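I have a structure here, written as structure tokens, and I will follow up with some questions on it.
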Amino acid sequence: MRLLVTCNLCFQIDNPVALILMLRPFRGIQQWIIRETYTIKPAVAVTESTDSYGNSCQRLVAPQGDFLLYTSAEVIVNDFIDTMPGAHFVEIQYLPNDVLPYLLPSRYCESDRFGELARDLTAGALPGYDQVACLADWIRQNVQYLPGSSDVHLSATEIYQRGFGVCRDLAHLGIALCRSISIPARIVVGYLHNLQPMDMHAWFEAYIGGQWYAFDPTQYGLYGGRVIIAFGRDAADVSVFHQFGFGAILTSMVVRVENLGNSMN
Amino acid sequence: MRLLVTCNLCFQIDNPVALILMLRPFRGIQQWIIRETYTIKPAVAVTESTDSYGNSCQRLVAPQGDFLLYTSAEVIVNDFIDTMPGAHFVEIQYLPNDVLPYLLPSRYCESDRFGELARDLTAGALPGYDQVACLADWIRQNVQYLPGSSDVHLSATEIYQRGFGVCRDLAHLGIALCRSISIPARIVVGYLHNLQPMDMHAWFEAYIGGQWYAFDPTQYGLYGGRVIIAFGRDAADVSVFHQFGFGAILTSMVVRVENLGNSMN
Amino acid sequence: MRLLVTCNLCFQIDNPVALILMLRPFRGIQQWIIRETYTIKPAVAVTESTDSYGNSCQRLVAPQGDFLLYTSAEVIVNDFIDTMPGAHFVEIQYLPNDVLPYLLPSRYCESDRFGELARDLTAGALPGYDQVACLADWIRQNVQYLPGSSDVHLSATEIYQRGFGVCRDLAHLGIALCRSISIPARIVVGYLHNLQPMDMHAWFEAYIGGQWYAFDPTQYGLYGGRVIIAFGRDAADVSVFHQFGFGAILTSMVVRVENLGNSMN
Amino acid sequence: MRLLVTCNLCFQIDNPVALILMLRPFRGIQQWIIRETYTIKPAVAVTESTDSYGNSCQRLVAPQGDFLLYTSAEVIVNDFIDTMPGAHFVEIQYLPNDVLPYLLPSRYCESDRFGELARDLTAGALPGYDQVACLADWIRQNVQYLPGSSDVHLSATEIYQRGFGVCRDLAHLGIALCRSISIPARIVVGYLHNLQPMDMHAWFEAYIGGQWYAFDPTQYGLYGGRVIIAFGRDAADVSVFHQFGFGAILTSMVVRVENLGNSMN
């Protein structure tokens, strides 16, 4: 389907502050960006770079006063997300080099602490896709998806204890569980058509059977209509915006996803 | 200034053929892409990737029949291009690692054959910027810029003998001369406002005094208003389109550059 | 000085298990590797790769039985480590792209939780080197360096509460504090001549005034004689060995550093 | 087999001159480096880096006088080189991103000029491995391998006309022919056991059926016992030594390859 996604951010800046933003759709995967806009008011110098995961980052210093970022994109994405029950676990020695970082514990995914739980939860499951599906199901049934409950400092161990969280929290828990049984897993940040309530979304992918598969523990059913912005080890790598110091107060964030239909012609 | 650039390509495809395209403006330098469109008719699956120079490439198989690529971008660029007479030559041991490939001879820039000429032409010049300025001046005065005279197989040695060429040919000669005296040089492909006749353009950059400086031997005066698409060792790296096999006939290519004024607000 | 470093690891392998090892000295910095050996008994197939930080990793499957890794290197290193009191803080917008990952929180360095403490500890210090020196001094005086007290699951917040740790713990605390005030910091794993007791060592580097400077909160005095193996965001990135699954028991690890004198001729 | 390879270079340096060297065995492929030495006399500061192909480069300034480089390595390599008649041509759209540069023409491999010849020579051959085997056979039968006939400025078109060349020349011709029919090909520089006369050697690899296969048009029979130093688009990328300016005269180059037997225990 062809989606029109929009993310508009308004900041009140008390003192000039450095920001790193990730607001462009990701290039190089199965989504085709037909049109993209990115307006910054007031206009300031921007340094754009690509990180080691392939994400586009925009660095700038926001000046005092109102600071506005308007971004939109028209993107052709898949209507359906691939699933592959039975896809096999890839032994460590056969993983592609660029997948290895996604095996390691990270800020919000202390996979070194989840081995026992993950083995219990996946007991009897076929190594690979079915294990991950087990883990995602378990999260769906045991950790409440509570939009708005966010505390950006919480990690997978804390979410596990608390029993509820936002989309990134559930993704973190899924990632930590996967990695603890040697399945590479990464966070995905992007847009999801029909998400309720509409917001930026996060889910995760696991590397199985030679490719990445998506899992979304916040949804019953793996819906298509996803525009991906960034991949990372966890949310620390993929903030939509990250301020260095103080001085930027987000006064409004509007996210929209509109279905423009199936044809691009 | 704020430029609206357009490049529309029409192909007649006799047999399905693989194409690699470079049609998106470069990200990560001093140009800010406010808006970008990229339409492919008929729509086909595209694999997008970033090469080792940071250029975006689009790979696809063009189906039989008419095949159309419409691209445009609105980009904020500098009105003036930095020059720096006197900027010093950087000794090999102090060059950043990612600059080293631009020291080596390449398909169209046989720098291993131009050492004597380059030393003659730059005799007495201060090592660095002034040498490159000498070389660009010499090309401007001795190699005729003849739009339309293109033969894509010609390299710097052949252009030197022939005495005329298109923009890429003059850039190749400049690059070969620079590298032959150990100054890293690279080709730049992009749009130039007010280019006569309007077309895709190519010029070159040399690494001097710790940064890249632009030189354009086709123009008297280093005009601003440039939207960069790609960097490379020479034209072999940065074809706007490259077909693998036969079957694609370019029936029309329209390039436009419009100045939208200085304000983006 | 010219150092001969040795690290020999003996494992008892109950079941074949995948290992990722980092046991080669780092290439590409101010240490010159004259000689290097790496013997694996029994010989098995090894996949060697370079991670995004430039570290060499060796991946293999250790077979059942005794499994031995003998590594050594003769390396010319600096006698003294550069210090630069007064070196200035680099604003975010001027940091090189490849330094940006070292600003982010990571598994063992929850820099998002240390802002208040770091600002208190560095109150009045000149932004940059002097701030980091303050932080390293504070760790040296307030967190006991206790070799052998290791628990690999502890992160900077836990070490801060516990008040003692091994070298990697103190490094993690230093890194978390630096990043919390927007100074990029990374862990370094390697050998240190005359370390008491001898073992693999870890310290940290902070990016200040346009380059990386070393800090070692475990030592009074910043001694030279360091052979670097790997850099990373924290210890999660740079395990000397990492097993995936169970089955490998480290039965012996011998680390030696010998000074072969100043001349290599 | 386990090979001991040695390359000793002696230069007479009239004026200090920058050199870039490639003298370390390649890491990350099917060869395991047990031991490696690299001695420089007199000792000078060296900057080591990895290029975009994964090769290790050593940059230094050679001081006036005699300048000596002694390198050796003990490496476990395959006794036999994989061949795969029938392996299929990989369509452009399915090539891995990092293989794409090897499709393009380069300094010594003007593949844009060999399409007609390559199609003639491979008429009737199964697309893929068999085409490359045809091309290598044709070179073997039609271009004389003449060690010592080197002129480093000659490219594939010139070798084709001349009808004889050194190993790198034959490799260049093979590469140009492969690329002209859309088969990625790259040069390999390294050691070959039992090469007559002993010297550094060059051959080529083609990407077919999802992996790289070696071809050596200088030899009747594809012998094992190869220690690889570097990969590149052609010899411009992989000089064992490259001087920038004048002043370095190679007075002696000794290459040795010794078989230490099949066991490493």
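By written order: A, B, C and D. Residues from 1 in each chain.
By definition in this document, a residue touches a chain if its C-beta (ideal position, glycine included) is under 8 Å from a C-beta of that chain, and two chains touch if they have at least 3 such contacts.
Protein identities per chain, from UniProt: A, B, C, D = Cysteine protease.
Computed from a predicted structure; not experimentally measured.
Of the two chain pairs considered here, A-B and B-D, the higher C-beta contact count falls to B-D. Chain centres were defined as the mean of their Cα atoms; on that basis the chain farthest from subunit D turns out to be A. Averaged C-alpha coordinates give centres for subunit B and subunit C that are 43 Å from one another. Taking each chain's centre as the mean of its C-alpha atoms, subunit A lies 36 Å from subunit B. For the pair subunit B and subunit D, the distance between mean C-alpha positions equals 30 Å. Each of residues 47, 49-50 in subunit C touches at least two other chains. Here the touching chains pair up as A-B, A-C, B-D, C-D.
For subunit C in complex with subunit D, the residues that touch the partner chain are 27-29, 32-43, 46-50, 54, 56, 76, 264-265. The touching residues of subunit A, counted against subunit C in their complex, run 18, 20, 45, 47, 49-52, 57, 59-61, 91-93, 97, 100-101, 103-107, 109-110, 112-113, 152-153, 182, 236-237, 244-245.
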